[in-house]
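Below are two complexes that have subunit A in common, paired first with subunit B and then with subunit C.
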Partner chain A sequence: MTRQGECAGCAPGFGAENAVPHARHRDAEFHHHHSHASTSHHSGDHHLLAIEHLTVSFDMYDSDAPFFAAERRSHEQLHGLSLSVHEGEVLAVVGASGSGKSLLADAIMGLYEPNACVTGTIWFDGELMDAKKLPQLRGRGISFVPQSVEHLDPLMRVGDQIIGACARADRDLRRQRMRAFMEAYGLDASVERMYPYELSGGMARRVLLICALMDEPRLIVADEPTPGLDLDIAVHAVEDLRTFADGGGGVLLITHDIDLALTVADRVAVFHGGTIVEETSASSFASPDTLRHPFSRALWRAMPQHGFAVPDGSADGGCA
Partner chain B sequence: MGIVRSAVVQLLRFMALMAAVSFITFVLVSASPIDPVQANAGQAAMISMTAEKRAALAERWEVDTPLLDRYGSWLSDAVHGDLGDSLRYNAPVVEVVANRLAGSALLLASAWVISGVLGLALGIAAGALRGSAIDRAVRLYCYMLSATPAFWLGIVMLMVFAVMLGWFPVGFSVPIGSSASAVSLGDRLYHLVLPALTLSLTGVANIALHTREKTIDVLSADYVRFARARGESTWSIVRRHGLRNLLLPALTLQFASISEIVGGSVLVEQVFSYPGLGQATVTAGLGGDAPLLVGIALATAALVFAGNLFANILYGVIDPRMRKGVGRVRSIGA
Partner chain C sequence: MSLEAREISFAYDRSHPLLDGFSLSVAAGERVAIVASSGAGKTTLCRILAGYIAPHAGSVLVDGADLAAADPRSPRPVQLIWQHPEQAFDPRMRMGHSLAEGTGERSKEQALARACTDGLLDAFGIRSEWLSRYPHELSGGELMRFCIARALLARPRYLICDEISAMLDAVTQAEVWHALLDCVDGTGLGLVIVSHAPALLDQVATRRVPLVPA
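So, the complex of A and B:
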């Protein structure tokens, strides 16, 4: 359970069904709101990351009311969101741009605005997290891959940023590791001395990934890692995430690009209206018949190869 | 190529500034209602003076010469390096300004450094700990101080620390009645404390408030979020990313504040009877001493110009984007 800020009505999201979230279950079985892909597996009988009933709301002044009469209202942006990431898999969270998907990444990284109220349950590697424990996982278990080069300090050399803040004693070790990664990802040694504005889109993308890999994470949360990139660079970006998952890590890939996501994802969580309406195997997207939720089917129809049909209001059925 | 070009541009700008400042000062002096002869000779002397003597004085002070003629003759001398004589001090303007500037230098420099360092530190602390008790205290201080006139603060300081507590001297830059050779550095510093403090306390408010805003901007940037997501603590982020990105705006502020420090020194030196450039400005203004006033205006304008120029040059040295930008343009041109 995590909780941030002071606002009325924040109640811990414990439910009886969540008390033992990681009981052994068969792989094909529908459980914890999702079904598995063939690569999903539970080590130690639990998920790498399990989120149950995550609700994020913002306490703000009513923007419709006159200025001085405005009362504080709670705006709920995410409600009752649940999803799970297994070891060795890529879970893609797909949904429309600007629909609040990034709040999910914020909640997992424990980065909230001061007026945010976060409730729900988050388990990482079988351990129940709270507002204190979650930030401790930043860079120590969970690593974040951000959207763009804007997330690098414009005035610091790239090499120093990849190495990051660390004890003086660890510096040389981390520098060696950085060089190994840079070679593995085809970055020239001169990139180390560059400033972020000198990086091309593809270089920046690899630098941001290496930043995450430096900390030997078990889970990577990637928030729209591909916008503005050429298709082949974007494909490289998601393939690198696939490689990380194949090595035993978990990936939560947040994106609006379902086409790209399906090329690497084992499972897909469909984000709509502030919650996950369906969490299913990527293979379910082969046909609309294997999709349960109307919005998922609308997404399927909106894909280029299925005729670009724009989702209409009728697809909203079933979610608040 | 680029360097020579920008140097020429800066030089032209500097000369245009000097011409404008000197002309405006002449206009202002001639528009002043003060009769320089009467102001400098004194009421009693004026009455007992013979008409010839009065006419001689009027000619010396160029009372009846038209403005443009006076400016023209001053300008033709000035381009030959002669800024004229101060009528009040009976000495070459260059000499008076140099003496007075030397007297003020320590005061201006210490107020400039103290307000810069203190303002930066308070601004960063308030911005990084936004909403905390420290932030509120810093803001309260800044709002109060920026609403306080420097001369009033100076009088309060005098009343409290010089008159009531007796910790510091009431005025002047050296002990009264001691010969120049007998004055030690300690004496000078002792006399400097109150005026420097007054001048820097008001300067702090401006710099701290601007730095606070900039700190909040920097700390809400994407790269700070990413650093946080990688497990960096707030203090580490301020140290590694905050200071680096605050350096440029802080330098701009610091060099822009030169003009405020110089302007403030006019009032503060008057309150503390501190014999510096500020006090000479008041003397020249009230005495209708046009050559001296122009000399002082030119000296302070040059000081401010130099500060801004220096800040511009520093940007290029500090910001890699500007540094490399120049290099890239050059390599395309080659």
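So, the complex of A and C:
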């Protein structure tokens, strides 16, 4: 097994810019395509999750050609994407809605469409992953918090869903675990007997998070957990993720809401045009001067409190 | 010239009235933000102002005329831009048809031609190839552009914007709002804006009205 995900001494194979022993990584120092936040640390001398040069493409029929003559074409959606998550930190991936951020979550969870072609390398906790190993980590190391309440079974009581399928002997143990989590996250005991339609948006978010926490994950991947929620509930939802990270876990928070991301994230990865253009400490967003990529700066300037500016030449619609 | 809500009351559950004697006046060309906590009835108020639901008491007046008495065959003078664009389109209708549907024009071609000459497609960055697509083939941000263009194509006098940019990233949000404000500028169109982002309201609203739960 190769252990290139390691950071100590930065194994050969990474660029010369990375030839810095990990013990000397400091805040805002640039290495492995990213710079650190003050809370980032490499336990066991490697990243909790490291992704290098991830490319996802889809094999589709040419939509411009006549139906029977259409040939298969490959559409590349993610291009050479690299990022890493450390223990005890929240990494927010921010970018435009509909730009393919969710494909990143799918790739980490090992959920591949039949026509997808995925290349690149993913290390989890220092171990090189492949298409067989990633699905085995679902619920056993990596947990997924999906976007909406629609991911809950509408015909099953919430409590039964959280406990999930398990051996009869484990059932009572898991029930106790669930009750402890429900109390910790401010859910009433009566919620256990409810059906998903009876939950408010904020309660549903907590139920989904508890589902993820039940399996004691090391890493949580949360895909757009907040749209459609009011600000106070959204802040609660992301603070719950923060609490998990403070307990030593890693969180990959995929969102389009940069304001919200900045309230909880240690680091921010800016997603643009199918790849991560910059991975930096959240404090770099205090000023556009500390951001490296033009799109990050455009994102900063477009925030309402920073001038609400539109980048030049971005609208390209028109009449036929 | 104003959009006026007079002493509006509404309740989903009789024992818990949501709106009780709420009044609001939006002058032509004004951009009024409705500010309230979650569940206070912002979206319900938007639907009442646009005539989708009738208040239990009180009335909505558009430039002095009762909204309930408006001609149902012509486009409504108050247009509502819905919060969730993915739920605002017929999933089996191509976007061009959906866009042309709410206008006073006889045919789809006429309506789309007017969308072009009015500059709506340009302003919101709507590409012509999107017109032949179905809603599920577009992203949320792209659908939201259609929602706004569709509302403006009906030539309303007042426009209700219910969380129209909550699901957009910062750059798209700025693009969409700038395009909308450019279209509205100088036309005397009155705006009612609902948003949970105070920084956004600082940029786009001219006045704030708190909605206090009944």
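Just so we're on the same page, the second predicted complex is superposed on the first by the 281 of 320 C-alpha atoms of A that agree within 3 Å, B and C clash if a C-alpha of one lies under 4 Å from a C-alpha of the other, contacts with A are read in each partner's own complex, and residues count from 1 in each chain.
Here is the rule we use: a contact is a pair of C-beta atoms (placed from the backbone, for glycine too) under 8 Å apart; a residue touches a chain by one contact, two chains touch by 3 or more.
Keep in mind that this is a model prediction, so the values were computed, not measured.
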item: Partner chain(s) touched by A:Glu216 [first = subunit B, second = subunit C, both, neither]; value: neither
item: Touching partner for A:Arg140 - first (subunit B), second (subunit C), both, neither; value: first
item: Touched partner set for A:Glu76, first subunit B, second subunit C, both or neither; value: neither
item: Touched partner set for A:Ala302, first subunit B, second subunit C, both or neither; value: second
item: Subunit B versus subunit C as contact partner of A:Tyr195, first or second or both or neither; value: first
item: Partner chain(s) touched by A:Ile233 [first = subunit B, second = subunit C, both, neither]; value: second
item: First, second, both or neither for A:Asp170, with subunit B first and subunit C second; value: neither
item: Contact breadth on subunit A, by residue count: subunit C or subunit B; value: C
item: Those residues of subunit A which subunit B touches in one complex and subunit C touches in the other; value: none
item: Touching residues (chain side subunit A, partner subunit B) in the complex; value: 109, 111, 114, 135-136, 138-140, 143-144, 146, 148, 150-156, 164-165, 195, 197-198, 211, 215
item: Subunit B to subunit A touching residues, read off their complex; value: 131, 221-223, 225-232, 236, 240-241, 244-245, 319-321, 324
item: For the subunit A and subunit C complex, residues of the former touching the latter; value: 94-99, 227-228, 230-233, 256-259, 298-299, 302-305, 308-311, 314-320
item: Residue ranges of subunit C in contact with subunit A within the complex; value: 37-39, 83-84, 116, 121-128, 131, 138-142, 145, 166-175, 177-179, 196-197, 199-200, 202-203
